[in-house]
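Going in written order, the chains are labelled A, B and C, and every chain counts its residues from 1.
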């Protein structure tokens, strides 16, 4: 067995073509983290939890059971691509307002999965949303607020207003003393 | 949990892949989607010396409608099959089976042939290939051979593919018009491996009697298997509830059920009979309803 | 301070989006594994394949020769580099443990050596090259087997594997049982699970040989008062260790006083003089995390009067602690705090038997032992209703402690601060549509389907005091459990908060502090900034745990805010040339009482002590900062003879949970049809964030009841080390929960808050078991007393086993 199994690969990470040298065995999540995409979390490293979910050519996938060499030349999207500067995108903001996260560790994987799901199904039922996110484990939320977030995001992406149940950030409330409780 | 070192190779033809397999011997393995192999390597249960990635071999990513069968190349991802209009139209059982396999992000990467070659005893696809009498094309240095599904799976994670050979495609016969089919399983959590499940395809004659029947089971023994005794009980009979119940009772004769923390042998045998009954009942109902 | 007499609240009680969240949504949470130091090395731990064995020798030469491997440290070497691990076990000399086993391994997965290398990949390659010579010993795979005659001993110094056996009794227990019209008995088993947060425990250690400082960033820094114990283990001066908290990707108890990763990384860094990262992988964490949750068996019985009054409770609880006794009897302290549940039981006898076995040690997991007690008690109450032939709800109601009885001293000495159990139950029943579900149940039965409804009414203790750890033994123990903050108001009046323990592990300490600051200083919660300070020179903190953080951080923020307000008034008095007594702090500024036109904003005031000290009166010093160390608001110490255990866990939340399930009696599968939960944890700071805690805990309760278990076989081999077998429920296994809140403020805490972080897990298992029993009633099934209720177990219950 050769000890040096190095490969020059090119990944298009969030729109940036990136040349990397990896070993054949280097897992995609480690490669992405090393490239600065620390949103890509390792929860189990055996394909069960989905914390490492990224999109490969638009399709959600487990980066912990994918080798970097397997996706040479492919487009990879991670959570780092979602926000514009300080501004969360609609799905992120829906997660924020509907408390779709607690510790945040499953969140990047969840967001990538949900982004894909809402592209395929812009007007999901709660049951459909539930089944879609069942690919990703969350140990904190019990999922209900994640499903709320998915439904909220879908409505907003269809152009609807924030629902009454969506929290309003303190900054937008301004001086709460002027707002009735 | 990081995989051990190996050499990564990416041939551009089946011939080259087979040559590499033969060149590097026992330690060399085909890499398809990696969705079973890489977790095993992360646990260091599998320690191959060479991985031969076949997913970019031109032509291996084709789904071909052969008229009476659908042929799926070794690089075709599970989700591609799941959303293929021709598969949905001609072999909808395969689409239903795929919905039970893992989760969508895993099906985006995993291949149909990889799952079959992996021969996990819990595999829905293995059982589906048995129930549909699929044919496997195995290629080696001396050429290719066709293997019927009943001969393909020989034990846990073991098939007739020999060292130096690979699976290049699998052909699923189309589900005959007017037949009923069903797949169902029990897994402890959504998307996890089944601890018992069954697949059945049933055709009824004009007299309402069972003209042909297949029943295969998975998740419960050392491999997916055909329940021939159950099939024989039904063929030629009216598919009454009693007949189905009797057939289901025969589904596990001579089968040594496996045991693990999720279920003892007795429990698996019990579940197996339950699921044999359930899929036979659904398949018969669909056949009677004329659904495809 | 209670709610009475308080001003209208502007921020507390609002479901604000949490101030922590944006960085996590952007993937910039800054977890421990995101930390990368120049020249940092990585660790892999070699683990024992045997449950019980002597380590006879080890050959590390091949590993050391592997390019990229920097060092291998064996258990023997580690025993020289480090002292024993710090723990809270009651017999410190009998069953000590080390960061790596040196002479003997006591469970599958116990670490025996570490490889330190340029990358984690290479470290694991090196690990594969180490050869260990083990001499296997007879395994001790369960508490029962551990107590059999002739069982192998885990620890040489002990006479048996029973590490602890003592009874606490209060009231006339024997008399009550003699006089009882009915005695109801139940046997209950609670399977071994663990918190298994999505992020494992990890540390990055960096030793500077120049000044002897060892800095360790870790996601498990709680109990900062005890960091000197970690320094002791690492053999450095306590003032040369700085443990710096990092946000944790979930804990649920698993990162409470979790010191393995910290000591592992610290040991390697100190030995090599280079930064070292050790983040457990999932296998490390499953096999050998700092603690699994409880594994317990109960024999529990109740004396009941002729008219259905619960008179006395007697129980023997056998705890399978695993190989070590890290937390001593903390898990029983938790149970003792709410030993009578919501019922007015006058006498109790509680025997705790702690047994050591060849398994990973047990410790904190959401409920910390009280959740198990809840399960046992409610299973017993359900059984009592059946045996007495009365309605289970009426029986509960009859025995509820009524609102007029609070504060209520329970047998043992703890006090329940406040509560209104009937009101909570009413609210749950109002939502539950029980008539509808009973009709559905009847209809289903006709169709051969089995639907069941389970209702439980249970306690959720919160805000522990340290004496919960020590009353099972004679000696005095530690009593401090403070929490601290520092507030800093900068020259422009912007407020920053410093916290002192790993406050964030998925709860919302920053949001709580920000909302409280909104009330206390009138600042906008979104404009507060937060930092976490290490233990070195840090103020004392005890971290989250025992649902204490919301109350404790609020007390600290409140106290520090008062100091800021006082100084603001002093400065404003000078600026406005008005007597201090004529000024008040309102809406983020100081004004003349009744005259908002004469006002200075916090920003106008803040610049003065920052930049213009010498234009101020002499007694006003530079700076605008305030520290506050907040001690437990309501605790008393045990008496020397332990006839009274003192008040140790008094903020008593309460909940009713109603589960509606359907059981497939052919497969044993359980499916939820409905779930209602109403909680009362006093004044709610952020309702939606509390809802999240309740549902999240409930999901873990579902896991406990139906799916999760660390199964060890007769050889002590663990069967469920991967997440394919240790079954964390997905969204498809968790019900949609209908939630309600009732608010009975605590008279003893700021704003009347109580803790609410653990509740779901403390209530769901009993509700689910009760629903399963109700579903299977027509079949004459045995009762659901053994968790998890695996499908196979349910089938055997249906078959009468």
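Definition applied: a contact is a pair of C-beta atoms (placed from the backbone, for glycine too) under 8 Å apart; a residue touches a chain by one contact, two chains touch by 3 or more.
As the structure is a prediction and not an experimental result, all values here were calculated from the model.
Viewed as a contact network, the protein chains are fully connected, with every chain touching every other. When chain centres are defined as mean Cα coordinates, C lies farthest from subunit B. In whole angstrom, the spacing between the mean C-alpha positions of subunit A and subunit C is 28. Per-chain CA centroids place subunit A at a distance of 32 Å from subunit B. Mean C-alpha positions place subunit B and subunit C at a centre distance of 44 Å.
Contacts with at least two other chains are made by residues 121, 281-282, 722, 724, 728, 730-732 of subunit C.
Residue positions of subunit B with contacts to 2 or more other chains are 1-5, 43, 190-191. In subunit A, the residues touching two or more other chains are 3, 23, 25, 45-46, 131, 134-135.
The touching residues of subunit A, counted against subunit C in their complex, run 3, 23, 25-26, 33, 37-46, 48-49, 51, 78-80, 82-83, 88, 92, 95-99, 101-108, 111, 126, 130-131, 133-147, 167-171, 173-177, 181. Here subunit A touches subunit B in the complex through residues 1-3, 5, 7, 23-25, 27, 30, 45-47, 50, 53, 56, 59-62, 64-67, 69-70, 113, 131-132, 134-135, going by the rule given at the top.
Remark: subunit C residues 120-121, 124-125, 128, 281-283, 666-669, 707, 709, 711, 719-720, 722, 724-725, 727-733, 790-792, 795 touch subunit B in the complex. Only residues 1-5, 43-44, 186, 188-193, 260-264, 267, 270-271, 274 of subunit B touch subunit C when the two sit together in their complex.
Subunit B makes touch with subunit A in their complex at residues 1-8, 10, 27, 31, 34-35, 38-39, 41-43, 49, 51, 53, 55, 79, 103-106, 108-109, 190-191.
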